[in-house]
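You will see two complexes here that share chain A, one where it goes with chain B and one where it goes with chain C.
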Partner chain A sequence: MSKTLFEKIWDSHLVLEEENGPSLLYIDRHLIHEVTSPQAFEGLRLNNRKVRRPDLTIATEDHNVPTSDRSLPIVDQVSSIQIKTLEKNCKNFGIQLFGINNPNQGIVHVIGPQLGITLPGSTIVCGDSHTSTQGAFGALAFGIGTSEVEHVLATQTIWMEKFKPFEIRVEGKRKNPFAVTAKDIILSIIKRIGTAGGAGTVIEYRGETISELSMEQRMTICNMSIEAGARAGLIAPDEKTFEYLRGKKYTPKNYEELVDEWRENLKTDSNAKFDKSFTLDAKNLAPQVSWGTNPAMVSDVTEKIPFPEEFAKDLSQQKGVEKALQYMDLKPGIPITDIYIDRVFIGSCTNARLEDLIAASKVVKGKKVSSKVRAMVVPGSQIVKKQAEDLGIDKIFIDANFEWRESGCSMCLGMNPDILGPGERCASTSNRNFEGRQGVGGRTHLVSPVMAAAAAIKGHFVDIREMDLN
Partner chain B sequence: MDKFKKIKSIVTPFDKVNVDTDQIVPKQFLKLIQKTGFGKFLFYNWRFNSDEKPNSSFILNDPKYKNSKILITQDNFGCGSSREHAVWALQDYGFSVIIAPSFADIFFSNCFKNGLLAIILNSKIVEKLLKIQTEIEVDLENQIIKTDTEIIPFQIDEYKKKNLLNGLDEIALTLKYQDKILEYEKKSTISSLL
Partner chain C sequence: MKGNVIKYEQDNIDTDVILPGTYLKIHDYAELATHAMEGLDPDFHSKVKEGDFIVAGRNFGCGSSREHAPIALTHSGIKAVLALSFARIFYRNAVDGAFLLPIEIDEDAYKDISNGDELEINVATNEINNHTKNKKYPMKPFSEIIGKIIAAGGLFKFKP
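For the complex of A and B:
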């Protein structure tokens, strides 16, 4: 029978299939971090249970760690307790931890692929919704809650209702791939299918534009699948995928054998059926900027802030837009390029990998951040930071008056000291523009790294396609 | 997990789409290492003004709904982050049932792991329930909601229903299949990270 890639991975991980109910699925890789794991370990302890497969489990500290000088103690006492708790739990349960001072520390979804923990055809879970990032390698990777973290720790399995396969094709050659990035593609998809458009599904991204993207760009696409309501995003592995994972810390010894097998099997059969399908034409796509309080509230940079009445087809949506514009303090009808910003954040599991930083540095090189803007770069991991420093990219940012910081989730969710003040407006390369996400009363505009860099220089949004680059 | 009993209560009408988990529990409260005590942080940025005094225009601060155990809301409730703290906060605050036309996937699953009953009803019925002023009864055993004037049936999958009614420990349940897991592991070729 013809199967989609998702169905192949699902079927090969079934431990138990019940007639009318969820299936028991085996988990190959379990990544944990300090925020969603303490209560899971506590549950194990109370019931006198062990971690079944510490050898398939890896931990890091990313969500609440400071991105300032790491030789100093953590000032926030509550964060510090959470970090110490993870360290104690990992020690007691025999789990490897890439802690705050480890050279492999970083955002969990960035280090997974970088260390070769992520493998095509595998199942990967983590108590974080952006686990979907790792689907870019043809793995079934999805976020879970803390009860499920406990369940996976204890049993290395999870009960799951089968998702439905959703095909999203991205076709057409972009005229300017430097300016119109993977971030613009995914924001544009979410705008069109909505924040619940992918509910109950695993999205497989396909088509010529997807094939052209680098691995890091594919991760940006899969990362935001959750913002479209999907549990996971998936891209069939190809030679780029295999090359990316070659020679990493955890790349398996029999890697080339595995690659031959993956090349053969890890793709959707030609007659396989998807439950849903959607196609985006990327040919004429423009850089995207979000203006509202969910990731579907997005426009081309050349457009104006919409009027709520434009959404009159759906009354609850119209109300939502009104409320969003009020929160964002934006007037309908003003051009996006007239929006001035206070802060710039280049970071997060969406856009803090080496290519993102290289691209942004090309915009910044030889220029200065606007005097009205505070801008920071937070590399996705210590490895990314080191790679960038080896290329001298840190200097380009520092010379332009960007802050160059240590790795972590940082201002994407503001659990550490990197937050927006009330009313502050930020051009951010992260994934969520929810009310207060980056700080109580803060206003987030989601953009690509090059658009964020351009906004930092000019002090307001600009169409990166029209900017003079050296 | 406690066994789920019949719930009778007035309903809190929360007429909003796309309520994300960042609103249900803002991130500044995710640093605790226990599961208890999150109720006071529920909808914090909406419930309280910047001076930390209650925002009187927010629905949960209306004394009428003080003892409500049932929250009625709109599409895509619980979207965004996977944080289970959202469910812990709703329960700790006093909610036992949430009704909406649709829920975000991870949130929906988190509800059932903690004994919070999430019920999906069609938009027309939700619109009607949003206006109801009298108590309603949620009877999981018989999969019905009783109002003063009508009986509304709802769907739930058998597995989730059984777990809720019996307050089952899912891990203990899974560990009964140890042999199956072991059998799978014998043929699995996944590489070790040690």
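For the complex of A and C:
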């Protein structure tokens, strides 16, 4: 029987399946962090349970760690306790931890692939919705809640209802791939299919444009699958995937044998059936900027802020747009390029890998951040930070008056001291523009790293395609 | 199960407004509850009563996997959220920890139910009675696994 890639991975991890009932799925890798794990460990203790496979469980501290000088103690006592709790739990239960001062520390979805923990064909869970990022390697990777974290810690399995496979094809050669990035592709997809368009599904991204993307760009695409309502995104592994993982810290010893097997098996059969299908033509895609309070409220940078009446065919959506524009303090009809910003955040599991920083640095090089803007770069991991510093990229940003910070989730979710003040407007390379996401009253515009960098220089959004890049 | 309605007539009520990120450091459930819905409705904590239901539009609970979101709601007294649809992680979190019932309703029920209405939810018959308006609405039955987890009282009590 023909199968999709998702069905192949699912079937090969089934421990138990009931007709029309729940399935018990084996989990190959469990990543944990300080925010969604404390209650899970507490549950284990209360019930006198152990971690079943500490060797398959990896921890890091990313969500609430400060991104300033790490030789100093953590000022926020509540954060400090949460971090110490994870350290204690990892020690007590025998789990490998990449803590705040470890050279492998970083955003959990960035370090998984970087360390070779993420492998094609595997099942990966983490108490974090952006676990979908790792689907870029052909792994079935999805976010879970804390009760499920406890269940996986205790049993290395999880009860699931089977997802439905959703095919999204991205076709067509982009005219300017430097300016029209993976971020623009995924924002454009979410705009078209909506924030619940992928509910109950695993999206498999396919097509010419996806094949052309680098691994880091593919991660940006899979990362935001959750913003379209899908639990996971998936891209069939190819030579780029195998090359990326070759020789990493935890890449298995029999890697080349595994690669031969993956090359053979990890693809959707030619006549396999998807439940749904959608195609995006990337040929004429423009850089995208979000103007609202969910990631489907997005326009081309060349467009104007829409009028709520344009959404009149769905009254609920029209009201949502009205409310969003009010929160964002934006008037319909003004050009996107007339939006002035106060802050720039280049970071997050969506866009804080080396390629993102290199691309943004090309925009910034030899220029200065607008005097009205405070801009920061937060590398996705300590490895990314070091790689960038080895290339001298930190200097380009620092010379342009960007802050160059330590790795972590930072201003993506407003848990650590990096937050927006009320009313502050930010060009952000993160994944969510929800009300208050980056700080109470903060206003988030989602963009690609090059668009964020350009906005930092000019003080307002610009069409990166028209910017003089020397 | 009987309670009164707090209605938010909007779609995409995300986990960041249900429980803003800055409070994810808090481990005390009673304290978490004081911040429930703070991003959307700062008065929520003062008006919510034990046994209340939230009624909302499409894609309730979208965003983060934080179980703190249903925890904050349940410790505020919310027993069920009735919505046109749910984001899947929130949905599972709600039942896994036996925090609250995520109930899918149809457009007619959504439009008809008003803020303050007294509802009675009967999971056995998949029926919602609006005592204030003297009306009945269907609810979407739970899938087999969700129904079993709810009946067992959470993920750790569930046996297939």
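In this text, the second predicted complex is superposed on the first by the 469 of 470 C-alpha atoms of A that agree within 3 Å, B and C clash if a C-alpha of one lies under 4 Å from a C-alpha of the other, contacts with A are read in each partner's own complex, and residues count from 1 in each chain.
FYI, a contact is a pair of C-beta atoms (placed from the backbone, for glycine too) under 8 Å apart; a residue touches a chain by one contact, two chains touch by 3 or more.
Predicted, not measured: the structure shown is a model, and the values here were computed from it.
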item: Superposed partners chain B and chain C on chain A - clash or fit; value: clash
item: Chain B versus chain C as contact partner of A:L391, first or second or both or neither; value: neither
item: Touching partner for A:G200 - first (chain B), second (chain C), both, neither; value: both
item: First, second, both or neither for A:I58, with chain B first and chain C second; value: first
item: Which superposed partner A:L469 touches (first chain B, second chain C, both, neither); value: neither
item: Touching partner for A:R432 - first (chain B), second (chain C), both, neither; value: both
item: On chain A, positions contacted by chain B and by chain C; value: 16, 18, 20-22, 24, 35-36, 38-39, 43, 47, 63-64, 76, 78-79, 81-82, 127-129, 143-148, 150-151, 159, 161, 195-196, 199-200, 226, 229, 231, 294, 316-317, 320, 413-415, 432, 434-437, 440
item: Chain A contact footprint on chain B (complex, rising order); value: 15, 17-18, 20, 22-23, 26-28, 30-35, 45, 50, 74-76, 79-85, 87, 102, 104-106, 109-110, 113-114, 157-159, 169-171, 174-175, 177, 180-181, 184-185, 188, 190-194
item: Residue ranges of chain A in contact with chain B within the complex; value: 15-16, 18, 20-22, 24, 26, 28-29, 35-36, 38-39, 42-43, 47, 49, 52, 54-58, 63-64, 76, 78-79, 81-82, 85, 96, 117, 119, 122, 127-129, 143-148, 150-151, 154-157, 159, 161, 195-196, 199-200, 226, 229, 231, 250, 252-253, 294, 316-317, 320, 413-415, 422, 432, 434-437, 440-441
item: Residues of chain C that touch chain A when the two form their complex; value: 9-12, 14, 16-17, 20-22, 24-27, 39-40, 57-59, 62-67, 85, 87-89, 92-93, 96-97, 143-146, 148-149, 154-156, 158, 160
item: Chain A - residues contacting chain C, complex; value: 16, 18, 20-22, 24, 35-36, 38-39, 43, 47, 63-64, 76, 78-79, 81-82, 127-129, 143-148, 150-151, 159, 161, 195-196, 199-200, 226, 229, 231, 294, 316-317, 319-320, 323, 413-415, 419, 432, 434-437, 439-440
